[in-house]
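The structure is given below, and queries will be raised subsequently.
As written, the chain order gives the labels A, B, C and D, with residue 1 at the start of each chain.
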Amino acid sequence: MTIKVTKPAPPSDDKRWKLVDVTMRRNGYYGHALIETLHSVQDAFGYLDDVAMQYVAQSLGLPLSRVYGVATFYHLFTLKPMGKHTCVVCTGTACYIKGAGQLLDAIYDRFGVRVGETTPDKQLSVMGARCLGACGLAPAAVLDGAWLANQRPEQLVKRIEEVINDEH
Amino acid sequence: MIVPATPPKVRVVTLKIDDKDLSAREDETILEVARQNRIAIPSLCFLEGLSIWGACRLCVVEMKGSSRLLSACSTRVTEGMEVQTNTERLRHYRRVILELLFAERNHVCSVCVSNGNCELQSLAQSCGLDHVRVPYRTSVYEVDPTHDLFRLDHNRCILCTRCVRVCDEIEGAHTWDVMGRGIGCRVVTDLKRPWGESASCTGCGKCVQVCPTGALVSQGTSAGEMRKDRRFLPYLSQMRGVR
Amino acid sequence: MSESRKITLATSWLDGCSGCHMSFLDIDERLIELADKVEFVYSPLVDYKQMPESIDVGILEGAVSSEDDLDKALKFRKHCKFLISLGDCAVTGNVPAMRNFFPLDAVFDRAFKENVQLQPQRPTVNVPKLLVPVRPIHSVVKVDLFIPGCPPSANTIWQILSELVAGRMPNPAQFTRFGA
Amino acid sequence: MNIDELRDVAEKVREEAAKCSHCLRVCTAAGCQSSGAGAVVEGLKAAVGDNPQVQVKSVGCMGLCSGGPLVEVESREGGSKVMYQKVTPGDASEIVESLGGRPVERLVCPTDIPFFASQQKIVLENSGVIDPEEIDDYIAADGYQALVTSLTEMQPDDVLREVTRSGLRGRGGGGYPTGLKWSTVAKMPAEQKFVVCNADEGDPGAFMDRGVLESDPHRVLEGMAIAAYAVGASRGYIYIRAEYPLAIERLKTAIRQAGRRRLLGLNICETRFSFDVEIRLGAGAFVCGEETALMASVEGLRGQPRPRPPYPAQEGLWGYPTLINNVETFGNVPSIIRHGGEWFAGIGTENSKGTKIFALAGRIQHTGLIEVPMGIPLREIVHTIGGGIPEGRTFKAVQTGGPSGGCIPESHLDVSVDYDNLRQVGSIMGSGGMIVMDDTSSMVDVARYFMDFCASESCGKCVPCRVGTHEMHGLLDKIARGQGTAADLALLEELCEVVQATSLCGLGQTAPNPVLSTLRYFRHEYEQLLRPSDDEKPASGGQVVTEAKS
């Protein structure tokens, strides 16, 4: 027996909700598509806010706390907006052995942010990754999607500065 | 006239718990069979009438032929099983697990509203835990007093998830869930809003009654005044068919 | 322990409310019985100023909060053959350790400025320096027996001491628990 | 599609290839891509122009990631092959001009070194050879033959027998006999069953599955389909970590292509067998590599494990019998069916058959992916294949098995690599990550690193793992900073035992392994860092707050 439930309308007329709807529809609005749906929200909006989680919960017929529990369980989901630029530093074993810690220290010394934090001016977010699978290039970082291999601390900091200053 | 018997759906098996010969239905767990036979196995997350969670690990037992320990609450009995529930090794492990729980959050028994009516506290006593060697974490946790009738004190939560399960399985509201991961886990209502603002909470108070510690209590209680009443559980869980 | 000699006993309180010592006194007339077998050689309850070199049993109440507390704990460990943590503050840190959740400055301000009408100021003279964090005694020195309770009842204390005097190792879990 | 149609496709691809005089293969797996392989492909294509004689092909991993981007030049006449390393787009025209003449000397990467010569490739046989985004390329390399043969000429029981006979054991770390696992699922009476491919490769320092999926995704799909046929499943899920965008993309392409060729979907090969595969993305949780946590995640829940039994083979996804194997395990299956279980069992050792892929990384000359027969001495992997320790340093330990494994010192380097031997020396095979450490690494620091990993990846469900890993990390940190006492070390060892014995799932049960193995072989490094306890010295413990600031 299936009960036809009318799906809630998107929270706003932002086009990006369409992408989220597509994911949910493709998965038949089943509750088990929650993670896929949260991925598509994050891809579209950059992060998960209360409005989005509420919409997803209602659409998939899930309790709010369940959605919140799943969203906070997985490290790839973020509930806060990211900075303009993101630097992912790999902290896998090979990178760690070859000095990923020093890279993070250097970033902290220069920009005052640690893993998972965003600078107050919203310019830079720093993230850690549990192995990017590029151990041959250790220590590695990814700055705005571009790979940086065999990094030295001062080299990485300089590169980040360049990216930020390019905007101004 | 005698109607020939239909073959039974579940069989009865014989097993040994602490060298006692016992019989049990094969769909029963070690913990259930032990308790029927007055063999006490400590447990915290288990509560009759709620689904099995298997997370506190206090009910681990040794089984002959297995190098791994098994949680008694989640393991069904089998024919010929030989189980030990109270060896020196198990008593030691249980004490350390309790130590970890006391070290994790801030269980200051003397000023707790559940002092004297707390499952964690009484387990510490019955397991012989008289001091905690593991360094206390001393992290600050908040108290949520926003609900008209009840109060949530994260300092005393042991994440047994009884509240989550009773709310989902018996009340059907699913107001509670667990957020975060690892040491950062905590229980939340809805989207981590104050409990008093929860739209899904029916105010039934079942979560408060099943909470083993002083994490969920009634408003207006002070040290040692909180008593929990769980008589509703077996009846309601039968109605809902939870196993 | 030889029959001929009384067991020597020392007690002291660190950071606590001295309630455990009060509970000790609550064993009432049994104190006289105890005095037949036990000799107090150093305690806030008696008037000896000097700690003897070697003591059979030491009892400490309270948590380690200040340098002064730490000195006492180290001194007791050095002089006592058998050291007992008496009460929840000594065993778990209990209420004194609840200041660990706040920065020390905030605690000082709360105690000496915010809640004081007359001349709110922080004491600086003749006060021992505070330690961060407040710790139970066994995290500073080795402890031989733990008697939890807030406070442990007079009966508990009496039972446990009786066992010790009789030369047996008591099991405090039979009589008391955290917060009892 | 039947076997003849399959042959036709293969023939066509080969004819096409024969028209060219040279084939330039560029590794476009993630390792080389991150060092600029994409631009190299563009550069080469531009340099070749519209010359139909030269084919430029994006292929999968060639193994030697430290030499990336790698380009292999094959000339059809004589079949000679030259490999170039660290190629830049600027080198493109020079390479193209050299075709038919002398190779570009300064870029040549010798392939007669042990790194290449000592390998034996089964799962990686097509890696670096075929285009992973072209199903026909895979078919030309005998791909999908095994599936079609299974469906048209074998009964499910025959497939089970072949897999059992091969002696294949799970490559995800546990080493559970694959044949036995399959048979259990096959025997379960249920109308619905699932096959799940575990591609949630979470061990830091491991990238074998990534290599396979990026280089030869069809092999895994074929393995899954064969498994589904053998156990009677009709639905499959590939649970893959979202951190592998390229692998996900290539898998999606592969699923689409296989569906179009009717090698997946309804009534495959005009038989009654139907099989659909869906991709499920992880979201950054190491614990989801554990079977029951993985299933929870596929169901859209928090990735928390549950007690076993019941095992997934009995009660898995949504309560139905579920077969879970890892990428490399499925990757072995087509070869086993094609060449027979007997053949596979002839490779490797008594109890560990076949080959194993390892990811070499850390302080070692040649980093990258290798596939070697089981039973090869560890020393040969590190010193011969890996080329030893660079910069004149000395070898200290090799870490296998990731956060669940251990560190193996020089004195045990002669151990031959198989499931049981590695366990004996205090480590595990794991999924195949191998991280080499030289004398600059502190073993206490390494143990602390892994404990930090486990603590932050603990799901938080069971007490020993949630609090125990956190407390063990605290103690390790204290010791590493020179603040720990002998009592702290004793407590650490006690916690190791309790967490190992009582944790709910494999993550907690194995979290103490890095500590235990470093304690076993490098205890002196811990002891050197200890300080005397408060009892032994008169000075005060804790941080003394002298004067409160106002």
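As a convention for this text, a residue touches a chain if its C-beta (ideal position, glycine included) is under 8 Å from a C-beta of that chain, and two chains touch if they have at least 3 such contacts.
Being a predicted model, the structure only gives us computed values, none of them experimental.
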Item checked: Longest centre-to-centre distance from subunit C, chain (CA-based) -> D
Item checked: Comparison of B-C and B-D by number of C-beta pairs in contact, larger one -> B-D
Notebook entry, point to check: How far is the middle of subunit A from the middle of subunit B, if each middle is the mean of its Cα atoms, in Å?
Noted result: 35
Notebook entry, point to check: In angstrom, rounded to a whole number, how far apart do the mean CA points of subunit B and subunit D lie?
Noted result: 38
Checklist line | Distance from subunit D to subunit A - Cα centre to Cα centre, in angstrom | finding: 24
Next item on the list: Among the residues of subunit B, pick out those that touch two or more other chains and give their numbers.
Entry: 133, 135, 178, 180-181
Note to self: Two or more other chains touching the same residue: where does that happen in subunit C?
What the structure shows: 133
Checklist line | Multi-chain contact sites of subunit A, meaning residues that touch two or more partners | finding: 66, 69, 73, 75
Notebook entry, point to check: subunit A touches which residues of subunit B in the complex?
Noted result: 168, 173-181, 188-192, 200
Note to self: Going by the contact rule set out above, which residues of subunit B touch subunit C in the complex?
What the structure shows: 102, 106-112, 115-116, 121-122, 124-126, 128-133, 135-136, 138, 140
Margin query: Touching residues of subunit D toward subunit A in the complex: what are they?
Written below: 30-31, 33-35, 65-66, 68, 201-207, 210, 242-244, 280-286, 297-304, 359, 361-363, 367-368, 399, 402, 433, 435, 437, 441, 446, 449-450, 453, 457, 459
Next item on the list: Quick one: which bits of subunit B touch subunit D in the complex? Just the residue numbers, please.
Entry: 52-58, 60, 69-71, 74-76, 92-93, 96-97, 100-101, 103-104, 133-135, 137, 158-159, 178, 180-185
Check: Where on subunit A is subunit B touching in the complex?
Finding: 50, 53-54, 63-69, 72-73, 75
